[in-house]
Structures are given as C-alpha cells and as structure tokens.
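Note that the chains take the letters A, B and C in the order they are written out, and that residue 1 is the start of every chain.
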Amino acid sequence: MANNTLTLELKNEVEDLLNAYVQCIDDDDLERWPDFFTDECLYQVIPRENHEMGLPTAVMWCDSRGMLEDRITALRHANVYQVQWYRHIISNPVIKTDDGDTFQVQSNYAVFKTCNDGDSTVYNVGRYVDEIVRDKGVLKFKKRSAIYDTHRITTLMVIPI
Amino acid sequence: MANNTLTLELKNEVEDLLNAYVQCIDDDDLERWPDFFTDECLYQVIPRENHEMGLPTAVMWCDSRGMLEDRITALRHANVYQVQWYRHIISNPVIKTDDGDTFQVQSNYAVFKTCNDGDSTVYNVGRYVDEIVRDKGVLKFKKRSAIYDTHRITTLMVIPI
Amino acid sequence: MANNTLTLELKNEVEDLLNAYVQCIDDDDLERWPDFFTDECLYQVIPRENHEMGLPTAVMWCDSRGMLEDRITALRHANVYQVQWYRHIISNPVIKTDDGDTFQVQSNYAVFKTCNDGDSTVYNVGRYVDEIVRDKGVLKFKKRSAIYDTHRITTLMVIPI
C-alpha cells in the first residue's frame, strides 16, 4: 500500500497542508482560506449519494479563487446566521503521487458545530477527495471535494467545510 | 516513549495499513476487507467491560480468513438491514515493535453512522488493540480487537468496525 | 507552512507525547498523568469565549505538578461521580519550534463520554494549545491549555481533558 515516490518528507508536506487548512477555518481566520487554493480551482461540498450517481448538485460550489473570496465576503457582510463554531477532526489520509508535485489524497473528516446553546453536535461527516499541486513551490488545493454522508443538514451551511 | 527499533519508515507503514483498512470499509469496498488479515487471524468486536473482566462475549468474532469472507457474504446476501454508512475517525496510534516485523498497536476510534434519515450519529467509540505481522512482505492484522466503550448498540452491528 | 528546524524525528517525538497522553487518560491510568508535565507547569481547561476575551475563568486549573497529583487523589478518593469513560480523538497537530527543545503546538480534540446508560456522546470539543519542552531529555508539557468550544458542560468535569 506504500508507493515508492511518496517519501516521508512529501507525506509530511501534504499533512501540513491538511492541518493548516483546518486550523484556518476553526480559528475563524477565514480571510486566509482562499490562499489554500490555486487561482483556478474547484471547491465543492456535495452529498455522497449525488456524487455516486454522478449528479452535480452541491451545497457549496466555487470554481475560482475569486469565488472563494466572494463567499467569505458574503459570510462576513451579507449572510445572517447564528453564531457558530466548527471543529474539524480529520483522519486516515491516503496519499498517492507519481511525481511529488501532484497528489491524489483522500481523508475522513468529522465537523462538530457549537452554537449559542453551548452544545457541540456532529454537524457533518464525510471524506475529502483532493487534488493537490505544487504552485510556486507551495502545495495548494487544485480540487477539494468534501463528500458528506450526512444528508440532513440542520441549518444553512455558511462556513466552508 | 519512543522505541529505537521503530523507525519512521516502519511507523509510516503501520499507519498506511490502519488508514487503508478504514478507507476500505467506509468506501463500502467490503469484499477487500478480509485481505487485511493473515489466513490465521482473530478479529473481534468486544465490549470494554467484558474485556476488562476477561469475559469472552463478542459482538463479532472471526478466527480465520474464511470466517471474515463468510461475514461479508452474509452481509451482502443474507442480512436484512437498513442502508447505512460508516465513517471512521482514528487517532493516537501508539506502536511498539521489537524487530520491525511484529507490531503491537493501540489506537482510538470513533465510528459515525448515517442511515436513511440523513443524520450522522456517534455509533461506536473505543480502541483498536492490534497485533500486526509481516506476511510475504506486506503488513497484515494477525489480531485486531475493537474494544468499545459504547455498551448500548442501537441496532444490530452488521458492518465490521 | 513547513518550518526547517522541525525535522520529521522531532515531529514524531511530539506526536508520541500527544498520543501517550491520551492513552493514559482513556486507559484510566490517571496516576501516571502528572508525569506528562514539568514540575512547574500550567494545565488549564478553559472556555473559548473566556480565552478570547482574556478572562481567566477555568473549569480546571493547576499550576504545579503537585496540584495535578492532588486532582487525581481527589478524583480517586473524594469526588463522587457517575462511572464514566473518556475517549479522545485528536487531529491536525500544527507544530512550531525554533530550536528543537521548545515546541508550540496546537491540535484539535473531541472527547466522547460513555456513562452507565451505555451511550457514547460528544462531551467536549476544542483545541489544545501547548508549550512543550525537553526536560532531562524527555518531552513534557510546560503549558497545556484545553480551550473548549462546548460551553454547556452537562456534568461536573472530573477527569482531565
């Protein structure tokens, strides 16, 4: 299950990206969130069933860095929503690469949400399927799909997964 | 807490096995599940209290690869159960080895289940206690015990943990 | 996002500490828990809102190894509380060091609690913010803050996070 081109240093570099991405969101440092993506990119949050049936419906869908920035601007200035915090736990990254510059990565995630009432609940669980590339020396997401199991989402999804 | 015989390469190899195992189950690729075990093996899912008291009762118990295969055949063809998905999050592997060929591994897990109603709930949490061996060059589980805290299991456990 | 002074060996050493800490608590081996800290230390469990507003209120607060030991003595002999088990899942450690001897570490955690009724529920989620130092060759926590999102805690917190 190991692949020879994936050195420990490269694996570590990919994991650092996954970890920094989560810290950015959970620390509510969302203005930095688009920096994790290449200029041309695809970010989508889609239900597992639609993904498996090839249906395109997504809860969030952005295909450029500009759209990612717009989403954060909307979140900060236009969307009206309950104060809430995310806490991501990610696990089990399986990483494949042929050349050390492009990576196919799958990992599991669970996002807990805490709202005004103070309870932390399981908000959304699923897996990330990523295509990660080296962009001016730094690893970034070219494609990041959050494919979620939880097909009943109790409130509008405002903050990205 | 480090042990000298556990190189980073070996640790990585063990983690790859733990991660691939989870991906196999969560992707519903269960026909491949028995491949993670040696021909003679022990797989069991047991409550923590029974484990601590030395009682043998297990919710699942298989002591050969053939029994693992039977279980998947039953799941696919005989068991009647609600459509459901698992999502594993694992954490904190503590790995010990004397020789780089046999490993004693403990890790924590949380399994979330999503059924027809679309909610993802905490289904089962506990720890894996594993004996992993090298079998024709590849790491496999010789023993895998899922020892769970959650002693009220809401529905029949069909899919392995 | 990588920093050059953090080698893979050092990263591994920090992760081993984080993992062993969790295993100690979840295995109910609490007498060993103070060993993870330096003699002069700070351990606190504080709500996120108080932390962000600079308010000092903490659910647990110990500023010496003696206080950590007292807490375990109280838990074993004085506190009256329902039998309960913790299960920690931790994730996404982001580690910084300048010299390989002092580390600034942030990681996410989710703690599940299982009580008499057998259900495992999300008890407390948040992040650890740590200062880890080398003490006679071994990494220990000089400061460990568990900053939690979950501001409604359903029962008295007896076991450390």
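Heads up, the rule we're going with is that a contact is a pair of C-beta atoms (placed from the backbone, for glycine too) under 8 Å apart; a residue touches a chain by one contact, two chains touch by 3 or more.
Everything numeric here is computed off the predicted structure, so don't read it as measured data.
Copies chain A and chain C of the same chain sequence form an interface built mainly from non-equivalent positions, shared numbers / all numbers used being under half.
For the copy pair chain B and chain C, the superposing rotation over Cα atoms measures out at 120 degrees to the nearest 5.
Between the CA-based centres of chain A and chain C the separation comes to 26 Å, rounded to the whole angstrom. Multi-chain contact residues of chain C (touching two or more other chains): 8, 89-91, 110, 122. If you check the complex, the residues on chain C that touch chain B are 8-9, 12-13, 16-20, 22-23, 26, 85, 87-91, 110, 112, 114, 117-122, 138.
Touching chain C in their complex are the following residues of chain B: 1-2, 8, 11, 48, 89-94, 106, 108-110, 122, 124-127, 149-152.
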